[in-house]
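Following: one structure in structure tokens, then a few remarks.
Chain lettering (A, B and C) follows the sequence in which the chains are written, and residue indices restart at 1 in each chain.
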Amino acid sequence: MTNKIFMLMTFIGVPLSIIGTLMHWSYIVLFIVYCLTIIALASYMGRATESLAIVAGPRIGGLLNATFGNAVELIISIFALKAGLVGVVLASLTGSVLGNLLLVAGLSFFIGGIKFKRQQFNVYDARHNSGLLMFAVIIAFVIPEVFAMNMNETKTLSLSIGISVILILLYLAALFFKLVTHRGVYQSNNESVVHEEEEPEWSKGKAIAILAIATVAVGYISEHLVHTFEYVGETFGWSELFIGVIIVAIVGNAAEHASAIVMAFKNKMDIAVEIAIGSTLQVAMFVLPVLVLISLFFDSSMPLLFSWQELIAMVSSVLLMVVISNDGESNWFEGLTLLAAYVIMGIGFYLL
Amino acid sequence: MTNKIFMLMTFIGVPLSIIGTLMHWSYIVLFIVYCLTIIALASYMGRATESLAIVAGPRIGGLLNATFGNAVELIISIFALKAGLVGVVLASLTGSVLGNLLLVAGLSFFIGGIKFKRQQFNVYDARHNSGLLMFAVIIAFVIPEVFAMNMNETKTLSLSIGISVILILLYLAALFFKLVTHRGVYQSNNESVVHEEEEPEWSKGKAIAILAIATVAVGYISEHLVHTFEYVGETFGWSELFIGVIIVAIVGNAAEHASAIVMAFKNKMDIAVEIAIGSTLQVAMFVLPVLVLISLFFDSSMPLLFSWQELIAMVSSVLLMVVISNDGESNWFEGLTLLAAYVIMGIGFYLL
Amino acid sequence: MTNKIFMLMTFIGVPLSIIGTLMHWSYIVLFIVYCLTIIALASYMGRATESLAIVAGPRIGGLLNATFGNAVELIISIFALKAGLVGVVLASLTGSVLGNLLLVAGLSFFIGGIKFKRQQFNVYDARHNSGLLMFAVIIAFVIPEVFAMNMNETKTLSLSIGISVILILLYLAALFFKLVTHRGVYQSNNESVVHEEEEPEWSKGKAIAILAIATVAVGYISEHLVHTFEYVGETFGWSELFIGVIIVAIVGNAAEHASAIVMAFKNKMDIAVEIAIGSTLQVAMFVLPVLVLISLFFDSSMPLLFSWQELIAMVSSVLLMVVISNDGESNWFEGLTLLAAYVIMGIGFYLL
């Protein structure tokens, strides 16, 4: 059913985006058309990646999921960087981290918890993820912020580059750890191994074709989307920060949000948590550092420097999530707590 | 025995407070009389609430305890707000958080731990409380502080109001979770259900009468107490901050301190921890946001903005408590660690 | 084998240090000779302390280890303080904390984890240590930093003295807890008691003689070592901060680094963790506060005030370590995460 809606959205949205762009429709209308079309295309990219991952087997498949899982955000961000919107990129990645950690996980815990009194997920994965969240946000994001206070721009950029390389290497090492050296080592007992036998939705060729076409379409739309931000902001009285942190982040992650919540509702919390926190880690340890390195080829380079508000919002969200998820259990109230934190951040960024 | 002392203190203290106020005794003498009388009255209010809670059954009773448990602090704070002492109110609520988290829990762990080598409490409750502590202090108190750096006063106040409403709603949701949807779900095995059969100390009518009279008396004395702060501070060389953080907080919580320690000494750690951390949460998620909203009707409104010293003191205390309490066990050394942290904060606020 | 190398290094290094000092060799050469000689002497001091500890029995032995374990750092720091290098002392103690927490523990986890898939250590000790790390760094180091923002120098020093006394007292209480009241209470099952029967390497007299001679030699060399920092920094373009945080810290802890890794490789993770985290706590709760108190007798007193970069580096390292170690398990990836954090800090302090 959802798939049919996304198909409809795609086949209406893509032509509409092209026509609207060429005919210079109102930026507000274009903004809405672009956003909805990207959400639909993102779902196609997700399904294509999923199919390829199943065909490729668990190891290469895990790698594929881990690199293409946030391709939409990467594409939007590259075009925003090209347009010199460094602040918007950092804001949208902050929003992606907050959205996945607080909104996606929060909704999963809450909605799953309304149906099931106590839900459990793999406690070893939860702790592994906690360590990575701490590393990425508390170390890799906090250190440049504090050290940059006494550094000039060149040194700050050097530090950013160094940290970005380390983040990417550690992200790859984490994949190696999970997919190769410690595959199945931390399996919890109740975890079925049935999901290995999944059938891919599409054949290899079809999946690659869809992935390629959708990527090009997302790229085309993203390039124009980023130019609407200024006008949308002015019209609604939204700051660029709010657009980045809340709007872009929700558009870029809508598909993941949906599937995590569906999984929680089926009591498959391992998968729901994996989507929410795995996606956070992917943004923090892969998308963001890759963008820092890509930005070196553009006019305005992007150091790993968030605003204090963005940084503290991420730090406090990570600390909250680590404390809440560390026991491998969830309930509706824990979900509500995460959602309440998201609303507080939302109000904060709206007023900023 | 303690009850007799408090009775004596009440029947001497209340008339003395009235006479002293009318006859304009020295502010130092009045300050001492007021403080001791409020401590005694607070114990009456606590016992009356307890009786009503037993009569009303566990659900309504839990709600009663959760709303009237810190009534004394609420009353003192309202009169301090009315007198424009916004700084003193924030300081005394900070002090209440620090006092409950470090002093009450510290003394409970320490004194209980001297008698018993290892003491245990419900680890599920401990984790539930950890999540709430993180939410209240690390999210709800930290965010306005950091966002206010780039906001004007109006926006800061809007943010404070929004966060206060969310805090109160989440506090009510937490009660709903504990008393309705997940009542008994996280029971530990060794927990007896015997304490359900408790007899109320006073009948419903008597309890309501005592609660009403004590509340009026506390209100009358609080109104005059807050006006002595300035003179007491000058005389002893104490800053208003120190008076708020240490003195008012101890006066407002003396009764709870006593009963938590008694419970720890009886090895009823579940109750001791519930008093210490439950009381912290009540101040942070109910008393404080209610005061923010009430302050809107007074001349000087109170945004949710602590001084950096107050904020960091609370943040670091919460982090320490979460790490120490998360295993559901305590011993004398953990108690001493909390007490040492309290002494450090005390010295800091004294010197400030 | 290692012992033979250290013997050689000592018997060549000590005369060379004396001759070089008298003949005013190049500061760069002297710096290298001093550093290598101190590393060798530190290993003698460690072995002598170990022998004395075995002779003295577990209680007094534990006390000996806990007070003389970081004697080299204490000696270097005293001479640096005497030379007025307050900043270098704070930097080298920061480096010692970071080095033990991230480098030593990281290498132990990583190298041990390459040989063994999952390594375990006493989870009770890990939690006990987590509480102390939080207390020392998050409370005792953070509070003076934040309170000093609104304090004059005299008050900052008073606060530093107060906190130092509390740190030392709590450190002694922790020893009392571990060696007396709760000795063996939190023993894990698989822990053998065989290591009680260890034979001391040296007799009591020989150990005391070696300890005394090595201490004098370390003192002599340290006094001259601290005067080479300025020139070495200029030559290599290193800041005093980098020399303190990275170079001095590695020199002062080389012996511990080696033995922790050897223990991890033998799957004796309890000992490896004890060396890494125990040494961190000793620096933070004993060496540092003792130096604050000693500095009062020198021209330039040392308040407990780190730079913001040093403080945040320690705070984030402690939070990372607490989250990683709290489950009493390790693997190569957790080790790599700690090492990655150390490299990030290293780059940061190098560029600063």
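In this section, a residue touches a chain if its C-beta (ideal position, glycine included) is under 8 Å from a C-beta of that chain, and two chains touch if they have at least 3 such contacts.
Treat the numbers as computed from the prediction; the structure is a model and nothing was measured.
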*asked:* Using CA atoms for the superposition, what rotation angle relates chain A to chain C, in steps of 5 degrees?
replied: 120
*Specify, for the interface formed by the sequence copies chain A and chain B, whether it is same or different in terms of residue numbers shared by both sides, with half as the dividing line.*
different
*chain A to chain B: how many Å between their CA centres?*
40
*Considering chain B alone, which of its residues make contact with at least two other chains?*
319, 326
*chain B partner contacts - residues on chain A that touch it in the complex*: 117-118, 308-309, 312-313, 316-317, 319-320, 323-324, 326-327, 331-334, 336-337, 340-341, 343-345, 347-348, 351-352
*Quick one: which bits of chain B touch chain A in the complex? Just the residue numbers, please.*
127-128, 130-132, 134-135, 138-140, 142-144, 146-147, 149-151, 155, 158-159, 162-163, 166, 169-170, 173-174, 177, 181-182, 185, 319, 322, 326
